[in-house]
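Structures are listed in the sections that come next.
One chain, chain A, links the two complexes that follow: it is found with chain B in the first and with chain C in the second.
Take a look at the complex of A and B:
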């Protein structure tokens, strides 16, 4: 009797969780009856919001399906997609990324972020891309072909961009948190290959286009590629990047990674003198020109100095841009406050820590720690040379 | 004092397990949002502040309960301290409060389903199913409920542990630091929701009449409180660390929202069903717990032999209250976050000490 009672209670509670197939709403569908949406494109149009939904490449390699609709709000547009009879139910629960066209981003993202946080299907961990000089609809349509889709390309970017050293894909939650706490945030921008000379294949590709800077809930501008690389390095988002560095005896292709910035506020007397921003990078030699003596410490030091000087330029460019815009999208003040909670924290609390006016000193240090398998390059001239 | 049937006795460990499992319901519901609103990124320190206050309260409770006789619970202690009439009035008020509390919690539980999963559904089915299940458990034996709590608590802790580990990759230390002296006030205010959770144990004192008195009585709750502190800190670290205090304070179910975004190794995702399972189990135990206590008090007041009809009656009234209590989630949120905790805190931290002092002054303890 007790076991039966426990069983009945257990089944009743399981039904509440929706795990038991039927669930209390009995809306179970076979997977064949579902249209799983992987990427949602958002643009601003005359009707309000234009939404393009992308399923990604089908399992059998067929081109992705794109669904387009327009409505006054994002939720209404998604609902409209759902209500259009296609014999399949749209599922947005597995949306991996949201792509926002430039015009829509300039008009403001707050409403879209609000919907994504609020919607029971969507996740705040969804990646966000801003389309530079274009619309999400065009981007998604251009990439849709046999075996290729924007959804797959963006997913690839999301996982691989840290190995490119040129950006990072922030999520809806990251962006909303940045906007709520610092008033600004970065988002990854993407673009289609521009120009007349590109091939058809290149035209249907998505490539990173630096960081988009968001402020007061809207797109405020873009960082250049060099600034974006510097920003990625400062923010510790570089798993691997490549650079050719020169020493007296030759050149080497270096693969390096950054450890993220260390920010220290330096005070002189009672007032803030400057912010010291330091980043350490570690490099390994991937390829070396003949004659480069990697076993010599001074050669490695020279390569490291070259790398450090060029990365310092990039990082300083990112900081300079942040100062010029008066937006602390690199989180320098927050990092300084963590380093000096009392003194710098007091400055921030008084509203006296303005990134635009403070002196920021950026230093990137580098060390060539290793090479792969071969120490010094092989001699191809024989012993007589 | 009515005779206690042997099959209805439980150990102090089981009572603690029942209270602790039941308070996971307010833990998931109240904890991330309110401390984040009060203390910002320093919210994760609020449980430690609450633990300090909680330790003092448990020390007081131990001193109080050391004076209880075998077979005495809060009902009997209230009668002893205040006199039979006033003691019974106090117990009756507690029973009424627990019935109302159960009703609001049942409605809050149903509303949470609607705001997080079943958008635009009706709360009716959730109130009915959860009410019936918890009411059935409340009308059953205390020992069975305590054993169920032990099993469910193990599952809850297992799931919480797994979810915490999975969410660690999402946690940004920069969202939790720095902590400054100026945060102290917020940290202390943020401790109130956790103290509210601990006050669940104050109602559990009614059930001590079913617990065999031992010299070690009162030590075990301290260990449970430490576990609660660890769980609360973990919940705050994972929510505030993943979503920032600025977002968490505006969310209705931050814990759930953060869990929804967890992806493990790129192929395990949408694990929020685990969290739903957590809160269904915790809500079930909390409701069964309060209705069982209310039923027990009513039985003692009426001089009844069996608790079953009184617990079932308490559940029925609570279910009716759940339908009638509010027609919008905004009011419910205010009630669940401020109104109900205020009464619970008053019961645990004002009423119980006052009872003790009156009992001592009258020479009854």
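Take a look at the complex of A and C:
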């Protein structure tokens, strides 16, 4: 009796969820009939949207397969890819990154993000790249070769860019959330090595090209490399970066990491005076020039000050760019509201918290570690300055 | 020479002959009690059940000594002398009628029948029995190396040797209309829940079977839900495991002719434990217990999970693994569902062949099956290597189950879950697994929730099921097994 009841409940549940019968079998596909797509390139074309699908380097090192199609919408283009009789069904569930050409990005990428968010097969954790001065199709095609593909290069970049200190790969979900809450967001821009002087191999490589600023669902501009480094530092996206700092007795190569910014709104007489943005970095000496006396406190202090001054410059440049564009892509206002929910929150509610007009004071403090004397490592325990 | 040279009169002796008509093993011998000229009597015994040496030394020799029966002129007087110790066999008793005498013969006695129908039985049971050996089904890594045998008395002796406690009680029962198998209900008085004990005895007495020659007669007749695939009676051939469970407050059952002990109530957690847990470091024991739970889960669900993911949810497979699977599957002519079922079926065939054949041949079959057939099947592209790995891993996990019946249940359910996965992907697996959990949560064994302490029990005792606490911090026994606790 119980088994019968359970059976009936099971069937009823299956019917209610729409997962029963043909509905289930409609999703069935044999694994060997699948073509796994790892990167999708989106461009604007005369027919609407041009999609280039990249399979990444094959298991045996063969060059990736590229599939191209064009249709009025992204969803139609992807459907069209399925309809092309290749004997294999394309799987977009393993798409690790979406590459959007500059023209398509300028025309508006909100629709593409909307599709990715709604698609049951794709993930909102997919990384987004904007191709600076180029198309996604060209980038994917240029990178495709024996043992190399844009999919693999971009995947590598996604994990390694935090160690370069010049950017960060935001996902579809991050960008969509930023656009919805602040009206703007950052996306990682990439480019091929420019110019005629580089080798063919270098031409077929992808490199970071700073942050792309997105506003109102479209590309609004790019940050320079220094601005991008400043933005990455403020946003706490720098796992490791290198810089040469100078003191009176010589120079030292430093490796540093940022801990993210601390934003405090400072009020004067009931009105907002300025935003104080403070960032703390920690650096370790990688290599010291001859004659540099790291054990001396003044040397360490000088190195830290030099590092702090240069990082302040970068961060201030990023803030200035944000203010110039009138877009709070660094999230300063949101951070200030978290620090002072009542007073700053009220300002924002009134629309009086305009990033473009408020005074922002950026301070970067630095500490230098690993300052022991190599000849006598026990002499000084590398106190920071 | 018997008195007057006559054979004993008809009556009880004839009745015995009639009872054992067509029984070639019934032997009789006419003797004169007290030597030549003494009282005529006939000695009945079943050849094979009695020890010839014991019968000669302890029964026949004293019976034929004139001095012992001087003055005993009647069978009654002779019987009285016997009962008083003239015959020094350790167990002698009067058989009031033919039925009692027949029962005695069947129990390894020889029966001396006088002419007037007076009968005395002497226990001369043969000592021929299998020696106490190592357990065959439950391997001992570290612990006592003895196992139950087919003789009830030896088994009770093994238990007594381990628990030298006056509170250890062994209550005798007789089961089976024809076999009349001697059965013992073993428990520790004051340790065991009286309600469980009463219920166990009631169920045993209620067994309506002609024979008790196989364990299933007991396990299926006393289980709460005999049709369930999950065992509800803990069966062990290890006396140490049996005793550990008695000390936990369980009721043990031993039956003559069955080289194993039965324990009730049984819980799921109990099937995941082995006596070695008490023999190794508590951290290792706890880790291995957790491993057994993981193995149970994997043995049950791994093939179904693979089928569901490979057929419907490829997005769940990491991209590199998915590519490997695709590459390996390119030349395989069968769909995933078929090749998985095929491999599972082949695995069961190999397992059964290895189990039934004599040991050396069985091992050969396993080697041929696992290495040659498996490898050849992959090389011939009949099945993909991933399926072989999945089925083999699932099979190995099944072998980790300490209990054979639990492992067998998992084997059947594995097939059902694979079918559910074929029909409805992960939804089918989830539905199937939910139904298994529902079924398990509803099971009870002698009033104790089967999934206790995970469900229906006291949550605070959860750690006892999953961990083995250090000996100096050993936790209480299961609350459901405590005396006086009734549901």
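Just so we're on the same page, the second predicted complex is superposed on the first by the 341 of 385 C-alpha atoms of A that agree within 3 Å, B and C clash if a C-alpha of one lies under 4 Å from a C-alpha of the other, contacts with A are read in each partner's own complex, and residues count from 1 in each chain.
Simple rule for what comes next: a contact is a pair of C-beta atoms (placed from the backbone, for glycine too) under 8 Å apart; a residue touches a chain by one contact, two chains touch by 3 or more.
Only a predicted model underlies this, so the values are computations on that prediction, with no experimental measurement involved.
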| item | value |
| --- | --- |
| Touched partner set for A:338, first chain B, second chain C, both or neither | first |
| Touched partner set for A:91, first chain B, second chain C, both or neither | second |
| Which of chain B and chain C A:117 touches, first, second, both or neither | first |
| Partner chain(s) touched by A:5 [first = chain B, second = chain C, both, neither] | first |
| Partner with the higher number of touched chain A residues, chain C or chain B | B |
| Chain B versus chain C as contact partner of A:173, first or second or both or neither | first |
| Chain B versus chain C as contact partner of A:31, first or second or both or neither | second |
| First (chain B), second (chain C), both or neither touched by A:68 | neither |
| Residues of chain A that lie at the interface with chain B and also at the interface with chain C | 2, 6, 13, 17, 19, 24, 93-94 |
| Of all residues in chain C, those that touch chain A in their complex | 310-312, 314-315, 319, 322-327, 329-330, 332, 335-336, 423-425, 427-428, 431, 435, 438, 442 |
| Touching residues (chain side chain B, partner chain A) in the complex | 113, 115-119, 121, 125-126, 129-130, 132-133, 136-137, 140, 144, 148, 170, 174-175, 177-182, 242-247, 251, 257-258, 260-263, 266, 269-270, 273, 276-277, 280-281, 284 |
| Residues of chain A that touch chain C when the two form their complex | 2, 6, 10, 13-14, 17, 19-20, 24, 27-32, 34, 36, 38, 56, 58-59, 91, 93-94, 96, 121 |
| List of chain A residues in touch with chain B within their complex | 2, 5-6, 9, 12-13, 15-19, 24-25, 93-94, 117, 120, 123-126, 159, 171, 173, 176-177, 180-181, 331, 334-335, 337-338, 341-342, 345, 349 |
